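There are two complexes below, and they share chain A, which is joined by chain B in the first and by chain C in the second.
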Partner chain A sequence: MLSRRDLFKVAGVGAATLLVAPGFVGQSFAAKKSLDDALKEKLGITQKDLQASELIKVKAPTIAESGANVPVEVSAKIPAQQVEALYIFIDKNPNPYVAQVDISPANGEVYFATRVKMGKTSPVRAVIKMKDGSYLSAFKEVKVTVGGCG
Partner chain B sequence: MLIPVLSLTLSLAFGQALWLSDFDKAVDVAKREGKNLMIYFSSDHCPYCWQMENYVLVDPDVERYISDKFIVVSVDVDDMPESLEEKFNVFGTPYIVFYDPKRGKVISELFGSREADDFIAILKQICKKSNLRRC
Partner chain C sequence: MASVGRAIVRVPRKVSKGQVFKVQMVITHPMETGLRKDKKTGKIIPAHYITHIDFYLNDQLVTKIHSSPGISKNPYFAIKLKAEQSGTLKVVYADNKGGKWEKSVNINVA
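== the complex of A and B ==
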């Protein structure tokens, strides 16, 4: 049976862990990444490898009232069987990588909609990895307004 | 007693800003450390507070500057002592009051969210307006 003394020891270790943890959490959040860092980490490429494409459409508000919940819709007039995956990046977020969607012919079309969090005004970028190894990209600049609640 | 001391030690060890919730205690700490107070009034239901907390106040440059120059008091306006509400006339969130604890005077106030770069520029201006020597 757990004695009163043992209980306090366990509680003490738990409290110490909780106090130490915020320091580590803070540090991991504090590591900012550039778009190139994120592209390299996720796809092994840089912005130079991205080919601008008018076949991709990124739909998002030009002005977002708050960055907490920004709707983003990506579609592409490219046959799904030619596409391997679709990625979304927010260029100026502390961690630009947002999502990866694997595309198969069963999808029928290249389409994905979601809601993203944005730290500040930034391009919202869609990157499509083609089966031939090339990368197509398009973006929409979304302004995140500053403001307050009254 | 042990937990606040340990918390303070860890905050300093990690180079993080010291965040407190008790205004009077924060005034004492700020006086002792020769820093000004940054009183951050926020609300759980305000998306602009969310923006500040998740992207601006945790920005490494902002955090470093705040940690160096200010003691932060975080106040939830939905659970705030009346004395603070009256003293600082809190009318919305995020609302940030910069306070000189030695003179007992407000240095500056800021309403609404800002982007990290703009916020650092504001902090530098406030530092220059205050009685601190190095900004």
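== the complex of A and C ==
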């Protein structure tokens, strides 16, 4: 039997959870985004819209010495005229979006290299937005022993 | 840091017409994410990072890089360009705190 006292107790706990929960969820959401969130925010697509492509080559170390400084090189055997932009995402970073490069025919080749921060072991993903609206993608798994996202 | 925003842009000394060449650059910049805490005071270090880098070849925008805090400290970028004619490559870059800089290099097409 549920006494009057128990009922108040349960109601009290329930109310407290309700009060705390939205704030907590909101906070964790802001601090950490999934790859899908980043793709949606930047490109308006989900992971399903990405087509794996062998034309894109992602060059990065298999094991990174430090997550604070991981060299990444992306090149693609696709004519620059057909490409609109190139994106780099690190799947498991707190904020997976790293960079966007707008490609123009003056580039001659689709190529971009930089150094990125990585929080932990994760695929480094290159996404190429084609002029016809499709998205090609390729990735390389990089092992990180010491994270570099602060 | 007094030298924040200083950049080195490197291109080949000479390129032949039609050749695709590499443009490399390094910017001196802390690239703070805004998530890191100061170990002594416990306060969050405010975000401070390069937001975009524009490459102008003879005053025409050829490439635009949208950067984010996910790029390492003292960021390095490399792109490729196709040599059509001699001219200047102007690189304009800015950070989220209103810093804006530019750097020009000559390109000699033989």
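Convention: the second predicted complex is superposed on the first by the 115 of 150 C-alpha atoms of A that agree within 3 Å, B and C clash if a C-alpha of one lies under 4 Å from a C-alpha of the other, contacts with A are read in each partner's own complex, and residues count from 1 in each chain.
The working rule: a contact is a pair of C-beta atoms (placed from the backbone, for glycine too) under 8 Å apart; a residue touches a chain by one contact, two chains touch by 3 or more.
Predicted model, so just to flag it, every value in this text is computed and none were measured.
Novice: Between chain B (first) and chain C (second), which does A:Lys32 come into contact with in this model arrangement: first, second, both, or neither?
Specialist: A:Lys32: touches chain B, not chain C.
Novice: Applying the document's definition of touch, where does A:Pro94 land relative to chain B and chain C: first, second, both, or neither?
Specialist: both
Novice: On the A-aligned overlay, A:Lys77 touches which partner chain: chain B = first, chain C = second, or both, or neither?
Specialist: In the superposition, A:Lys77 touches no partner, neither chain B nor chain C.
Novice: Just to be sure I read the superposition right, which of the two partners does A:Lys120 touch: chain B = first, chain C = second, or both, or neither?
Specialist: The answer is first: A:Lys120 touches chain B but not chain C.
Novice: With both complexes superposed on chain A, which partner does A:Lys59 reach: first (chain B), second (chain C), both or neither?
Specialist: Neither partner.
Novice: May I ask you to decide whether A:Lys143 touches chain B, chain C, both, or neither, giving the answer as first, second, both or neither?
Specialist: After superposition on chain A, A:Lys143 lies in contact with neither partner.
Novice: Please indicate which partner A:Glu109 is in contact with in the superposed arrangement: first for chain B, second for chain C, both, or neither.
Specialist: second
Novice: Overlap the chain B and chain C contact sets on chain A and report the shared residues.
Specialist: The overlap between the chain B and chain C interfaces on chain A comprises residues 31, 68-69, 93-94, 117, 148-150.
Novice: Over in the complex, which chain A residues touch chain C? Could you list them?
Specialist: Against chain C, the touching part of chain A is residues 31, 68-71, 73, 88, 90, 93-104, 106-109, 111-117, 148-150.
Novice: Which residues of chain C touch chain A in the complex?
Specialist: So the residues of chain C touching chain A come out as 20, 22, 33, 35-37, 57, 60-73, 75-82, 84.
Novice: So in the complex, which bits of chain B are touching chain A?
Specialist: Residues of chain B touching chain A: 3, 6-7, 10-11, 13-14, 16, 43, 45-51, 54-56, 58-60, 63, 91-95, 111-116, 118.
Novice: In the complex of these two chains, what residues of chain A are touching chain B?
Specialist: Listed in rising order, the residues are 15-16, 19-20, 22-23, 26-27, 29-32, 65-69, 93-94, 117, 119-121, 144, 146-150.
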